[in-house]
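Heads up, there are several structures right after this.
Paired with subunit B in one complex and with subunit C in the other, subunit A is shared by the two complexes that follow.
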Partner chain A sequence: MVKSARCGQVVWLGEAAVALSPDESGRFSDLLKEHADGLVARWAELVGAGLQGRMSRPELERQTRDLQKGFQQALAAGARDLKDEEAAELRAQLSELSSHRARQGFSANETAISVFALKDAVLDVLGDTDDINTLRAFVSFSAFIDRAALFTFDSYVRVRESLIADQTEQLLELSTPVVKLWDGVVAVPLVGTLDSARAQVVMERLLQTLVDTGSPYAIIDITGVPAVDTQVAQHILKTVVAARLMGADCIISGIRPQIAQTIVALGIEFGDIATKASLADALRYVLGQKSYKVVAAKRTER
Partner chain B sequence: MERVPVLKIGDILLVSIQIDMEDQVALQLQEDLADRIVTTGCHGVIIDISALDIVDSFVGRTLATIASVSRVLDAETVVVGMRPAVAITLVELGLSLPGIRTALNVELGIEMLALSRPHLDVEFDDDEDEADSAAVLAP
Partner chain C sequence: MSEESRQVPVASDQDVVRVRQLVRTVSVEAKLSLVDQTKLVTAASELARNTLVYGGGGYVEVSRVRNEIRAGIRIVFADQGPGIVDLDLALTDGYTTGGGLGLGLSGARRLVDEFVIETAPGEGTTITVTKWCR
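Now for the complex of A and B:
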């Protein structure tokens, strides 16, 4: 097991089938150093072709040169496999590269090619050779690059997953606003499918708002909920009962005809909870309920 | 043993529970409150549980009993200030505290009591219309 330097997460890089011999590491380190400029140019060209101009050439060359240095230093330090201690810096560099690419919206393919292209570049430098030892060394080196690319791919996926998780959370936050409609009346317009996680967020936020604003009435508007099944109804009912326990009344509004049909077909009972067809009806109902209270409150203020 | 203080404000007894509701405390409160309702002749009881983190089934039943006892003694009981987390837990446990009236805060609780007994509302009729009648009634 080796800890990836950047994320601090444990990454299993696998057992190397073909490891570089110390001799081979040194040889490729020298080769990378010697042909640095030619390699970087060819490498950047190969990567650039895949990126289709979404990254400026100088930036790409700078990145490629950094990577080349990373590889060269790791090999010079005697790294035989990517999980070796000597390659820690290279691993950090690769994670950095993939997280950068992932955040900029490049595909996994485009990210992996940034590493794989080194193979082609090195092969070009080696030229046509019949030397069996050179070829064998290249196979080991190629396996090393494969591992590096796999590692890049792994980091890429991890960054993308964390991005998706963040966005899901943001969506959850965004999609459950509680709005004040009138003095003592708040409304929760529900939009989208109501699963357990969202129902929980809605419930907590609504109840907290009731406490914070001291509103004795809440309207739950389900116009934006595409389907109401027993599960969703259960969530709504729980919210209403919890609000009642705290001393606030809930009205459910925005029930579309099809939804009403489904509710009846499923045998869902809303009991003595007021249900209205539209938000306007619900507000009118609430104002009717508290009409003389509104007047009384006005008078005490004077 | 710790006791929960019972404060008399006008026609209302205010109980604010600031300590953990152990079984003994709850039973003691039930007794104290019944005594105070009789001695003061109040017609409203407000129990503030906004400081309570936990309301278990026993506390829930005690609150229900207090409400029933008060009703027998002609006093309305309102439980106020239940925390969202407590409400959610009670719902998840399937306890809906039947027979207990609730309000979001003490102010709304007082208002609720005033509305249920409008003829006894001295605190709230400071508007012009009823100011005269209140003045006539006052000795």
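Now for the complex of A and C:
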């Protein structure tokens, strides 16, 4: 395996062909140990230049020193590839670093450079050399770092994806409040696009609130929905039917002129469902149904 | 005589939202009235969803057009899906094969000024709609 690399053929990265020989990992472990201080300083400097002061120097140096120790210990234990048992500790360290960076909002580039910079630092320590064996060893070592950086990048992406999934969920929660307008009257102000997932959340929330508050009236306000197409209409209709099954009356409010014309052109029928132009109209209608009367208070002179 | 055209692939629900946003942006640029903006955006939403759900995905192309008297917006919805077997039936209000309201295709036709549909079983479907500024 090692031989094929030595023949100068093109060997694709990721195969054992570029793995470090036991001799080489020992050598680099010694090198990392011997030049620890110089390496860490140079490494932190390179990484710090990319981060542009968004991380304090002592913190960066501590992080870099930990990483340097991780690399050194993995190599000293005889790790020849990042997948090896001996490198388990290092892998844990790298994924912690990337999750830290991802959560702090650093870019993928800035995260990867934290690992790649070790190459430059080692090259500086090695200095000018014509020794072919040193060069070969450096190429293998460099491939090791490449895989470490790819691994870091991978975990970075995974953390970011989970962040996005969390935010999507939070957004769903945020965008569908059910508010109490009056005794026995709840309202759902819909804002934005009403897709199937949100329609489901809205329906669940509304039905649960109807049970919790024992409200006989629910107002669905669509002022904030930019376009009502057949899918949106169908979701609203289903919600209304479900609420009716539970004995609550639904009123749809916030139907603006352009939406009304579009609904007519599409041919959507809301049947006997009460619809109003504004939330205020809907509330007045409900109060009327409940035999309340809204009157101006008489001003009394004191 | 198209001036500029923008293409959006349609492969997921998010893409339908993207189509809607693009059509809205172009409608505002073309100075369509608020009612016409809403009508065109709604029609685009219906047809893009058809492209996704029934056509298995495709692309949408939005372009500004101009004839002798007026300017307008032309949108092409194209898919390589199974095509429509009975076009008259598909354009009937309330007819659906997918559990919707059955108003998308027929409703979209009423929302725009020009509506051209090219389809054959197994050949995919291409729908071209145009809305003229008034």
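Side notes on the structure shown:
To be clear about the criterion, the second predicted complex is superposed on the first by the 274 of 302 C-alpha atoms of A that agree within 3 Å, B and C clash if a C-alpha of one lies under 4 Å from a C-alpha of the other, contacts with A are read in each partner's own complex, and residues count from 1 in each chain.
Methods note: a residue touches a chain if its C-beta (ideal position, glycine included) is under 8 Å from a C-beta of that chain, and two chains touch if they have at least 3 such contacts.
Since this is a predicted model, take the numbers as computed values, not measurements.
In the superposed model, A:Val178 makes contact with neither subunit B nor subunit C. In the superposition on chain A, contact is made by A:Asp195 with subunit C only, not with subunit B. Touch criterion met: A:Gln231 reaches subunit C, while subunit B stays clear of it.
When the shared chain is aligned, no partner comes close enough to touch A:Val115: not subunit B, not subunit C. On subunit A, the surface touched by subunit B in one complex and the surface touched by subunit C in the other have no residue in common. Every residue of subunit C that touches subunit A in the complex is listed here, in rising order: 13, 17, 20, 24, 34-35, 37-39, 41-42, 45-46, 49, 93, 100-101, 103-104, 106-108, 110-111.
Taken together, the subunit A residues at the contact with subunit B in this complex read 203-204, 207-208, 210-211, 214-216, 238, 241-248, 293, 296, 299-300, 302.
Residues of subunit A that touch subunit C in their complex: 193, 195-196, 226-231, 233-234, 257-259, 261-262, 265-268. Contacts from subunit B toward subunit A in the complex involve residues 78-80, 82-84, 86-88, 90-92, 96-97, 101-105, 107-109, 111, 115, 124, 126-127.
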